[in-house]
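Note that the chains are named A, B and C in the order they appear, and that numbering of residues resets to 1 at the start of each chain.
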Amino acid sequence: MARTFYPLERFAPAPKAFHLLPFRFTRLSGKELLVNEAGEFLFVPTGTVQSLTDEYLDTDSELYRDLKAKHFLYDASSSPLLDVLATKVRTKFDHITGGTKLHIFVVTLRCEHSCDYCQVSRQTATRGQFDMSTATADRAIAMMMDSPARAVTLEFQGGEPLLAFDVIQYIIPKAKKLALEKGKDLDIVVCTNLACVTDDILHYFRDEGVKVSTSLDGPAFLHNKNRPRPGNDSYEKAIEGIERSRAILGVESVAALMTTTAASLDHAVEIVDEYVRRDFHSIFLRPISPYGFAIKTRHRTGYEMGRFLEFYRQGLAHILKVNRNGYRIAEVYTQILLTKILTPHGTRYVDMQSPAGEAWSVLVYNYDGDVYASDESRMLAEMNDRTFRLGNVHKDTRRTLFTGDPALQMFQASCNQSLAGCSDCAFQSYCAADPVYHYATQGDMYGNRPTSGFCTRNMDVIKQLFSIIEENDRETMRILWSWVTGEPTIREVVECV
Amino acid sequence: MRLTTTGVARNFDTSIIGTITTADLPHDERTKRIRFIAPGDVLTDDAMAGYSALLCHDELARDPGVPYVHRLRESDHLRDGDIVVLEGRAALVRSLYRPYELHHHLFVTERCNSNCLMCSQPPKDRDDVEALTERNLELIRLIEPHPPYLTITGGEPTLLGDHLFRLISQLKMSMPETELHMLTNGRTFAWPEYARRFAELEHPKISLGIPLYADYAGAHDHVVQAKGAFDQTVTGFHQAARNGIRLEVRVVLHKLTIPRLAKLVDCIYRNLTFVEHIALMGLEYTGYTPRNIGELWIDPYDYQDVLEEAVEYLVVRNMTVSIYNHQLCVLKPSLWRYARKSISDWKTLYLPECETCSALPACGGLFQWAAKKHSEHIHTITYKKTI
Amino acid sequence: MDQPHDAAESGVQQVMVEINLAVISTEALLKTCHWFSRDFVCEIRNRSDQIADVVLTPRGSASASDLSLARGAFTTSAMDFALREKIEAKTSGIRDILLAKAFSESGVLEDAPEGVFGDMVEETKPDGMFKILSNPQR
C-alpha cells in the first residue's frame, strides 16, 4: 500500500498558545540575554521578555522556533522534553559527584619569604614547631582516602612545603599504598616557590610522578617586589627553579600561577609577555584573596575591584593578540567561565562552583590536624577566626566533619540558587557562591550582593566575555574554544586551484 | 553492479542460501556451497553432486535431481565466495554478501515506522521479519572471511523486536571482532526497557547511526513524515547513551535541512554531546528522492558556506565530523579533510570530467543514479605544480 | 510619569522616581532598591495605594546627567524585577518538577515516551512489541 506524503503544516502547525519554561534574563549589548535552567543562553531583541511574559509572540517566526529549540518555552505540538532538559541541568552539577577530590596538606607553616599578602607563613619558626607530625599525616591520609571520589589529588602547601621535605617523603608512599588498596587514582602536586629546591628533591618528584606548581608574578621587578626574601632574588630563584624542574620533571609537570597585587595592576602586558618568554602556555589572571595578612596590610595590598577588572581586560586582550600571532597561551579564569557558559559542563575549579567548593570539592588538613573547608578558611583561622574549621583529624570522622555545625552553617549559604541577588541573576549558572569570601569581607556568609567584590568581579568578567561571544569574531572564538577543549586551533587547508 | 538476477528454478520452492564456488570442491566441503557453472562449462554428475544447489548460466542439459537455477539472465556479477540466496518460487538469485567489497550490509526488514521524504529504501508494510531473520542467521554463519565492519540496515531494524537481539547475538558469536553499525531512527530506544535490553546484549563493538534533521520537532517530523518522531528520537538518543550504547548522528543535507543547519549542529552539541561522530551526508537521487526532488534539491555547491560553518562549529567543540557522498570538486577545500570515500564500490560513477581530475584518487565519486541528477558544478581539478 | 525633582529647592542632590504599584509589586521595588543601595540611599514614600515615590540620594557625588541616567536605570530595573516575578509565578511549578527530575535517581521520575509507534504491522498485533513496551511486566 503506497504511503502519502504530508506537508509541513501537518507536522508543524503554528500553535495557538505556548507556555514558559523557567529562565533568567538581563540586558546586554542592546539586546536581552536569556539563560535557561541548564545554563544555555540566547540573545534576543529587546522586548522579547515582555512578549514572553504576556504570552504574545508570533508562533510562526524564527524567533519562536529558536526559543523553543533552546528550552525557553513549549507548546502542545510537541513534548517539552523535560527529561532531556533535566539531564542537562544535572550535567551542570557533575562536579559534585563523587565527593571531595582535592585534598590540601599543609605540611609546614615555615617559609623564608615574607610576602605582603601572605596569609600564613612563619619566617622564624624552628623546625618541628609548625610542621605536620607523622601521626597527623597518617590520620589525614586516611581521611583523604575515605572520600568516595575515584580519583583524588593530594596537594602539598605551606608555608613553603619543601622546608618540610621529610614530611613529604613520609606522606607520599603511605598515600600511594592506601590509594592502591582502595582502588583510587592519586595525583600529587607540590605548591612551592622553588627557592630551596635541589636536584635530589626533583629526582624524587620525578620518580614519584609528582607535579610542581610554582609562582611567577611577572617580570623580575614585579615578582621581587611582591615576594621579599633575604637577597631579594625571589624571581631569579623562581626562574632557576622552573628551568631545573622542567629539565628533570618534564615541561608538562611544571605549572606557574601568578598572584595579583596592587603593584601588578598596571603591568598586565608585561606579565603576559613574561609568561610567553618563559614558554608557559597557561596563565591565570586571578585577583588576590582578601584574607590573612592581606587584610592586616590592606593599605599596601588593597585595591579597588575596578582596577582589577581593567587589568583583566587589558591582560585578556593582549593574550588574545599573542594567540593570534601564533603563540598558544590560555587564560585560566576565562577558560573556567567559558566552560560554564559555552559547554554543557560545570567546572572542577573549586572557587567557582555552586554549591560552593568548600568541603564538597576541597578539604585542607592543617599541620596541626585541624581540617578546614578551604585554603581561605585556614587563613581566617590564622587571624583567630575558626568559623570554617570543620574539625580535627584526631577527633573527627568524615561524617562528623560534614555534619558538624560549621559545615552545616556553611552549606546553607553555599548555593547561589538561593542567595538574595543571585536567585534571579541571569549569570547564576555561570557564577558561584563563596560563603568564606563573603564572611571574610562582609561579615556574613550570605553576603550582600550589590557591595560584594565577588559579585562585582564575576559579573563584569562574564559581561566582558558575553560581549566577545556576541561579536562572534571567527578567529577569537577559535582561540577561545581551543582553551576550553585543550585542543589546538584548526588551521585552514591551503587552497588548491 | 547488480544485486539480483533471475532464471528458471527447478527442484525447490523454498529459499536456499549458500556460498558460490566456481571451482570443483572435494565432496566433504560441498555442504552450504552453491556450484556456479560458467557459460560453456559442462560438469559430470559427480561434479554436480553434494552441493546445496547449482547455478548455471546456460541451460542444464539434464536434470541432475538437485535444486538448481539455470538460464540466468546475467551471471557476470557472480564471483567465487559470494553468498547468494536462491528463491525457488520467484526464481530469483539475490547476492547477499560479496567478500571483496569494502562496505557490507545486513538487510533485516523493509518495514519502517518513519517515511522520510528522501528515503533510499522506501518501506513496505509487509511483515518480512521472520523470513528475513532466518535467512540472515544463516547468512551470518556463512560469512567468510569476517569483515572488519558490517552495517545493519533496513527499513527500521528495531521493528524486529526480539529477532534483532537474536541476530546481534549470532553476530557476537560468529564474528566477535566485526564492528557493527546499526542504522536506526532511534525511536524505539525512547522506551527505557528497550534500550536496557539492547545494552544487555553486551555486544563489544556496536554503535547506532541515528538521523536528526532539525533542532525542533515540526521540521524534523516533516522530513521523516512521522509525528512525534523528533521527541522519540531525541529521547532515544538519551536512553541509549545512558545505557552505554555508542552513538552517531546522521544528517542528510538538502533544501529542508540546510536552512537551519547552523542551529541543528548547535542542538546536537548541546543535547547530544555524547555522540562519537556526526555524519553530514549528501542527498541520494534514489528511492523516494526523485518524487520529492522539488522540495529537496539544492546544489551542494550552493551550500558550501553553510556546510563549512557547521563543520567548523562542531570541530572547534572537539566533535568528530565526516562528510559523505560529496565530490571534492563541489566541496570547499577547507572541508576536504572531512570528506570520506563513502560510496559502495558497486554504486560509484565517475563523469567525463572526472577522468582527468587530479583529485580523482581521493574522491569518492558519485552514485550511479547521479547520472540523472548531480551538481551543476562538477569540474576537473588541476593541481598547480610548484617548481 | 516621572517628575523631575528641583535640586535647587532642597539644596541636596536627589532624583525622584514615580512607581506605579499596580505594575510593580513592593517585592520588585525592594529588590531594585537593594541593588541601588550600593550607590544611593533609597527612600520609599507611598503617595497613595497605587503610587510610590522613590527618592534616590547619591552616596558620592553625582552630576545631573548621572541622576537622570539613574532614574532611567531604576525604572528599567524595577520593570525587570516585575517581569521576573511574573516569570517565576508562571514557571515555579515546572521548575520544581525539572529540578526534582534532575536530581532524582536515574529513571525514577521519568516520563513515559509520548506519541505513537507508527508501524502498521506492529500496531495490528495484539502482543506487538509496542504494546509490551508500553506496559512492561516485571
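Keep this in mind: contacts are C-beta pairs under 8 Å (C-beta built on N, C-alpha and C of every residue); 3 or more make two chains touch, one makes a residue touch a chain.
Here the structure is a predicted model, which means the values were calculated and not measured.
Peer 1: Which chain's mean C-alpha position is the greatest distance from chain B's?
Peer 2: Chain centre farthest from chain B's centre: C.
Peer 1: Just to be sure I understand: the centre of a chain is the mean of its C-alpha atoms, right? Then which chain's centre is nearest the mean of all of them?
Peer 2: A
Peer 1: So the centre of each chain is just the mean of its C-alpha atoms; given that, what is the distance between chain B and chain C in Å?
Peer 2: A distance of 52 Å separates the two centres.
Peer 1: Please work out the Cα centroid separation of chain A and chain C, and write it as a whole number of Å.
Peer 2: Their C-alpha centroids are separated by 29 Å.
Peer 1: What whole-Å value do you get for the distance between chain A and chain B if each is reduced to the mean of its CA atoms?
Peer 2: Comparing mean C-alpha positions, chain B is 48 Å from chain A.
Peer 1: Where does chain C touch two or more other chains at once, residue-wise?
Peer 2: 110, 114-115
Peer 1: Out of chain A, which residues touch more than one other chain, so two or more?
Peer 2: 79, 83, 87
Peer 1: Among the residues of chain B, pick out those that touch two or more other chains and give their numbers.
Peer 2: 125, 227-228, 231, 235
Peer 1: Which of the residues in chain A come into contact with chain C in the complex?
Peer 2: Result: residues 19-27, 37, 49-50, 52-53, 79-80, 82-83, 85-87, 89-90, 93, 420-421, 424, 449-451 of chain A touch chain C.
Peer 1: Would you mind writing out the residues of chain A in touch with chain B in their complex?
Peer 2: Going by the criterion above, the answer is residues 1, 3, 5-8, 10-13, 40, 65-66, 68-70, 77-79, 81, 83-84, 87-88, 343-344, 477-478, 481-482, 485, 487, 489-490, 492-497.
Peer 1: Using the touch definition from the top, list the residues of chain B that touch chain A in their complex.
Peer 2: 115, 117, 123, 125, 215-219, 221-222, 225, 227-228, 230-231, 234-235, 238, 260, 263, 267, 270-271, 273, 291-292, 312, 315-318, 333-334, 336-337, 359, 381-384
Peer 1: Taking the complex as given, what residues does chain C use to touch chain B?
Peer 2: 106-107, 110, 113-122, 129, 133-134, 136
Peer 1: Report the residues of chain B in contact with chain C in the complex, numbered from low to high.
Peer 2: Interface residues on the chain B side: 111-114, 125-127, 156, 159, 161, 187-188, 190-194, 226-229, 231-232, 235, 242.
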